[in-house]
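Same chain, two partners: chain A is paired with chain B first, then with chain C.
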Partner chain A sequence: MELRKTTVHRVAEAVLQGEITAHQLIDITLKNCGVLNEGLNIFTAVAGVDASEQARAVDQKIKQGKKLPLAGIPVVVKDDLCYGVLPTSLGSSAFSEFISPVTATAVERLMDAGAVVIGKTNLDDMGQGSTTLSSPRGATANPWQAERTAGSAGAAAVATGICMLAVESDSGGALRQGASHCGVAGLRPTTGRVSRYGLNAHCSSFARVGVTAFSCENISGVLDIISGFDERDAATAVCRDGIQENIKAPGSEDITIGYPVTVFDFLEPELREVFEQARDEFAGHGYKIKEIELGLLREGLQAYYVIALAEASSSHARFDGIRFGKTGAADNLHNMYFQSRAEILGQEARRRSIFGTFLLGKGNYGRYYRQASKIWQMVRWEFEGALKDCDLLMLPTSKNLPRPLQGQSSFLDQWSDDLFCAPVSLSGLPALTIPAGQIEQHPVGMQLVGPPFSEKTLLNVGSASEHKN
Partner chain B sequence: MDDRSAGLDKAIEAIKIGVSDPERNQLHIELDQFLDWLEPMLGVDTGDQEGLLFSHDAVNVLREDSPRQSDPAEIQEAAPSFAGGFYLVPKIME
Partner chain C sequence: MKYEVVIGLEVHVELLTRCKLFCSCPNSFVPEPNVNTCPICLGFPGTLPQMSSEALQQALIAAVALNCEVALYSYFDRKNYFYPDMPKGYQISQYFVPLGSNGHLMIKDDRGENNKVVIERVHMEEDAGKLIHAPGSGASGSTSMVDYNRAGVPLIEIVTGPDLRSPLEARRYLEKLKSVMQYTRVSDCKMEEGSLRCDANVSLRLSGSQPYGTKTELKNMNSFRAVEKSLEHEIKRQAATLERGDNVITQTLRWDENTQETIVMRGKLEAQDYRCFADPELAPIKLKAEEVEKAREALPEMAEARAQRFINDYKLPEYDAGVLTASRSLADYFESCLKLYNNPKEVSNWVMGEICAHLNNAGLDAGQCPFQPEDMAELLKMIDDDLINGKIAKEVLEKAFLSGKSPRQVVEEENLVQISDHSELEAIVNQVIKDNPDSIESYRGGKTRALGFLVGQVMKATGGKANPQLVNELLIKKIDG
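Now for the complex of A and B:
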């Protein structure tokens, strides 16, 4: 069974109907894992025995008559999300053996529905980045072009067919850029839709838990399962009384897609061509296209980094060798803190913590942080304004092809890769990355952004686009 | 030493992260680059509007205040080190 050529629904039905047991499916998946992962560096941990045990438990529940909608579906989990059996490294070598006492709500809900966690996936230093280049384990290679990064290891796992779903975090765009670089679909949900309990978020204002899959149909199959109120994440209180889905009629002629002409200022010609083709294809399929202005993308990216770094400096404070992390060897308390934190935080996390503290310092708070919080509000208004005239917006996902594994790129170059994703994070709106085209046989994705809780509309449009292409 | 450099050194001291001299020098250079990079954001006329402080509009997010049974054994099991009725932490008193 090639997982890329089927759907979550079909595989789960096959397991429920007894055509294959969950244990057999996971056994095959784990055997394929070693081959498909070769040279890619996708995993931080593989759930060998545990995955088999999970699968046997699923088979047992099916025998007892339970209708599990995700029976036997192999899932990977980004390693900043806790799963109480495998280590959760958070992207730090200091936590390579840390096993969390809890399991993230999104993971727990997938497992309750019959999914089987087969492994944890690689990530940047403390989950901060959209390349995996700062991972203490080395970067994850792109399945399409091994000399470039995958962006996200979960997307690489889905693209290779190692698994059917990846549960991943997305703050400034890691999930979406990974999906774009690996030619798969990735959904960052509306703020509050999916619980972040069990996520080690470096900036809680923007961190979300989303799903990457080979198709929009597969994401649709799990969205309701992972969505909804969780008393352990206050942000989900917006769903306490159920989710008011914002679903637009399925007919393409009823949907207007906003097309921000300003993005062309930032795109290389070949990426611009892909994006224009995607626009023309939508128009060809009957969608109305309306040109709009989004004039604060660059400033939104900058505001995102001010706020994200400030929050990182606070959230990293707990990694002191006493409360969390290994205690560094030192001859007194003062040195112990300095040593422990230098060992726990990698270079990228150290840079972000230090800059974030600087930005919050006397004289800088008003100049940088307060201004960033105002830009945050203005970006939110700008997106809301654009969506008054349109049902959805289309945006590029990344301004570049994935970064090469070898060779230097400055930290600002890497941060600038989030140009089209970070402002959407500020907006709080849901965003779906889908394949838009290719450059030299390398996939390029684009984002569809909609009003709050419009994920089903985004997935319907994305799915229609997949089938027509 | 200018304000930026002094501010950076103060930040490193405040959050107690050990950095080598070469890394500290590099951070000074990078901070300058970063702050220059932020200039377009500083140039936006934001008027006297209020900034956004929360990412969502959820209100009354407190759970119902009802008593629940906790399981000390579960908490002890989750602790990095527990012995003789005590949670063990690294020695910090000198």
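Now for the complex of A and C:
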């Protein structure tokens, strides 16, 4: 069974009907794992025995008559999401053997629905970045072009067919850029739709838990399962009385897509061409295209980084070597902090922590953090305004092709890759990235951004465009 | 005095709640370390705080009880600093928008006049854990351990304006605050157990001058007495400094209970930069105006008002009213007794005397009193009915208090019913007269005190159960013939 050519629904049906047991399916998957992962560096941990046990448990439940909608579906989980059985490295070498006492709500819900976690995937230093270049285990290579980064290891796992779904975090755009670079679909949901419990967020204001899959249809198949109220995450209170979906009628003639003209000035000509083609295809399919302005992307990117760095300096303060992670040997408290944090945080995480400490310091809070908070609000208004006249917006996902594994790119260059993703994070709106086209045999994605809880509309539009392509 | 004293207090009060502020761990004292902990209050990666509505309700009650304006929209901030007792590396607190502000408490100043103490803010925050320093094998010869049982326990911080003018006023403010917190059941305010902690800011200025002097901060006071003492000490120190022509320096001092001195902890340069910002993991606190009003209306009658009512309605002396209203549970106990036995002064005597003594000995609060108001009424009725005398009643009360039995049961089991039977007593009286001819002689010679001795002899012979009035009558009748 080639996982890329089928759907979550079909595979789960096959398992439920007994055409294949979950155990057999996971066995094959695990065997493929080794081959397909070769040279890519996708995993921080492969489940192995645990995955087989999970699969047997699923088979057992099916025997008892349970209709598990994700029966036997192999998933991978980004390693900043806690799963209490496998180590959760959080993107730190000091946590490579850390078994978390909690399991992320999204992971728990997928497993309850019959999915099987086959491994944890690579990530940047303390989960901070959209390239995996700062990972303590080295970057994950792109399955399309091994000399470039995958952006996200979960997307690479999906693209190679190792698994059907990847559960990943997205703060400034890691999930979306990874999906874009690997030619798959990825959804960053509306604020509060999916519980963040169990995610070690460096920046809780923007960190969301989303899903990457080979097709929009596959994402649709799990969205409801991982969505909804969770008393352990205050933000999900918006779903306490159920989710008020914001669904637009499926007919393409009824949907207006906002096309932010100014945005495309930021792009290299060949990338720009891809988006113009995508726009024309949408128009060809009957969607109304409306040219709009989004003037605050650069400011949004800057505001994102001010807030993200400030929050990281605080959120990562808990890594003091006292309760978890490695404890640095020292003869006094100050040195113990110094040693422990040096072991836990890598260069990127340290850089962000130091910058964030500065940004919140006396005299700087007003100058940077408060200003950034104002821009955050302005960006929200700008997106709200744009969506008054359109049903959804199209935006590039990444400004570049993925970064090369070798060769130098400064941290500022890497941060600026989030130009189109980070402002969407500020908006709090759902964003779906889907393949838009290719440049030199390399996939390029685009984002569809809609009003709160419009994920199903986005997925419908995305799905239609996949089939027509 | 040449200088005017200016004092402001920052008081931390532990809220009485079932759970901690952001997790479901019990908010209770346990001696074993790190038992009341979970991944949330230990700050494990991936966990998120879950706001306790119970703690919010308690904080709201505190804010309205302290006459505060309540913010209908407030939120939590992170106060960042590294310390091992702080599991997340930051404390979740309300820095930018406190739940309550601009409140006040009235106290009596040194001249007995009313002084309005402004309460600048009442805000919610989480407590830290506790460091335990033990001699051991560490490189520096000692080991430090952390107990996180207290980490995440809900606190409110209550900050006054610079409105207190003497150490005595500071003490009165604390006593008033404690009474309000206890009456509203917001906190038990036991300073020795740390459920009330107080830091004091103090400065001096020339009497009649406007600008405040440089202040110092005092910490580590373990009792109201220590607060008063340390302030007195610090005022003397500052006055002496000024008298020498020196300047008071901004610094934090620690009160040393053993030496009764203040010791410098840190200077201004070492002041922390807490880098506060809104916590992104908690939803803002939204209250409705009606909820606040409801909390205001539901406030109980406070100590002063209750004492006044006891004086007016029950005609109790001011002293009795003060003692009985010192705690809400004692006042409640007293009034419950009154409902069953309507003799305020009589009940007051028993509650202030016997009940308070036994509660004290047992280390119990009046709310936990094993001798119930029903028992009190039963006991007093037995006295009225001449079933027992007052002396025996005290004995009965003690036995009932300790055993949990009803007074009637104690009286019956121990056969303590008063002897009021004429013939039975007459026999004993005759015997006593026969055995004490000297006393009869003295009595007849005009020494009336001898009668008391004879009564005592009869009581002794009956194990205290004789009806003392009847014995008196019988003796006089017999001797006087």
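For this structure, a couple of remarks:
Criterion: the second predicted complex is superposed on the first by the 468 of 469 C-alpha atoms of A that agree within 3 Å, B and C clash if a C-alpha of one lies under 4 Å from a C-alpha of the other, contacts with A are read in each partner's own complex, and residues count from 1 in each chain.
Rule of thumb we're sticking to: a residue touches a chain if its C-beta (ideal position, glycine included) is under 8 Å from a C-beta of that chain, and two chains touch if they have at least 3 such contacts.
As the structure is a computational prediction, the values presented were derived from the model and not from experiment.
Ranking chain B and chain C by residues of chain A touched puts B first. Once chain A of one complex is fitted onto chain A of the other, the partner contacts of A:303 are limited to chain B, with no touch recorded for chain C. In the superposed model, A:261 lies in contact with neither chain B nor chain C.
When the two complexes are overlaid on their common chain A, residue A:311 makes contact with chain C while staying clear of chain B.
When the two complexes are overlaid on their common chain A, residue A:367 makes contact with chain B while staying clear of chain C.
Using the contact criterion defined above for the overlaid structures, shared-chain residue A:339 touches chain B, although it does not reach chain C. With both structures placed on the common chain, the touch criterion links A:196 to chain C but leaves chain B unconnected. In the superposed model, A:104 makes contact with chain C only, not with chain B.
Residues 101, 204-205, 231, 234-235, 237, 313, 316-317, 320, 322, 332-333, 337, 357, 361 of chain A contact both chain B in one complex and chain C in the other. Touching chain B in their complex are the following residues of chain A: 101, 191-192, 204-206, 231, 234-238, 296, 298-299, 302-303, 305-306, 313, 316-317, 320-322, 327, 332-339, 341-342, 345, 347, 350-351, 353-355, 357-358, 361, 363-364, 367-368, 370-378, 380, 410-412, 428. On the side of chain C, the complex with chain A involves touching residues 39, 42-51, 78, 80, 82, 84, 87-90, 138-140, 144, 146, 273, 275-277, 280-283. Interface residues of chain B facing chain A in the complex, by the touch rule stated above, are 3, 7-8, 10-12, 14-19, 23, 27, 30-31, 33-34, 37-38, 40-42, 44, 46, 49-61, 63, 74, 77-78, 89-90, 92, 94.
Residue ranges of chain A in contact with chain C, taken from their complex: 81-82, 88, 90, 100-102, 104, 196-200, 203-205, 231-235, 237, 310-311, 313-314, 316-320, 322-324, 331-333, 337, 357, 360-362, 365, 369.
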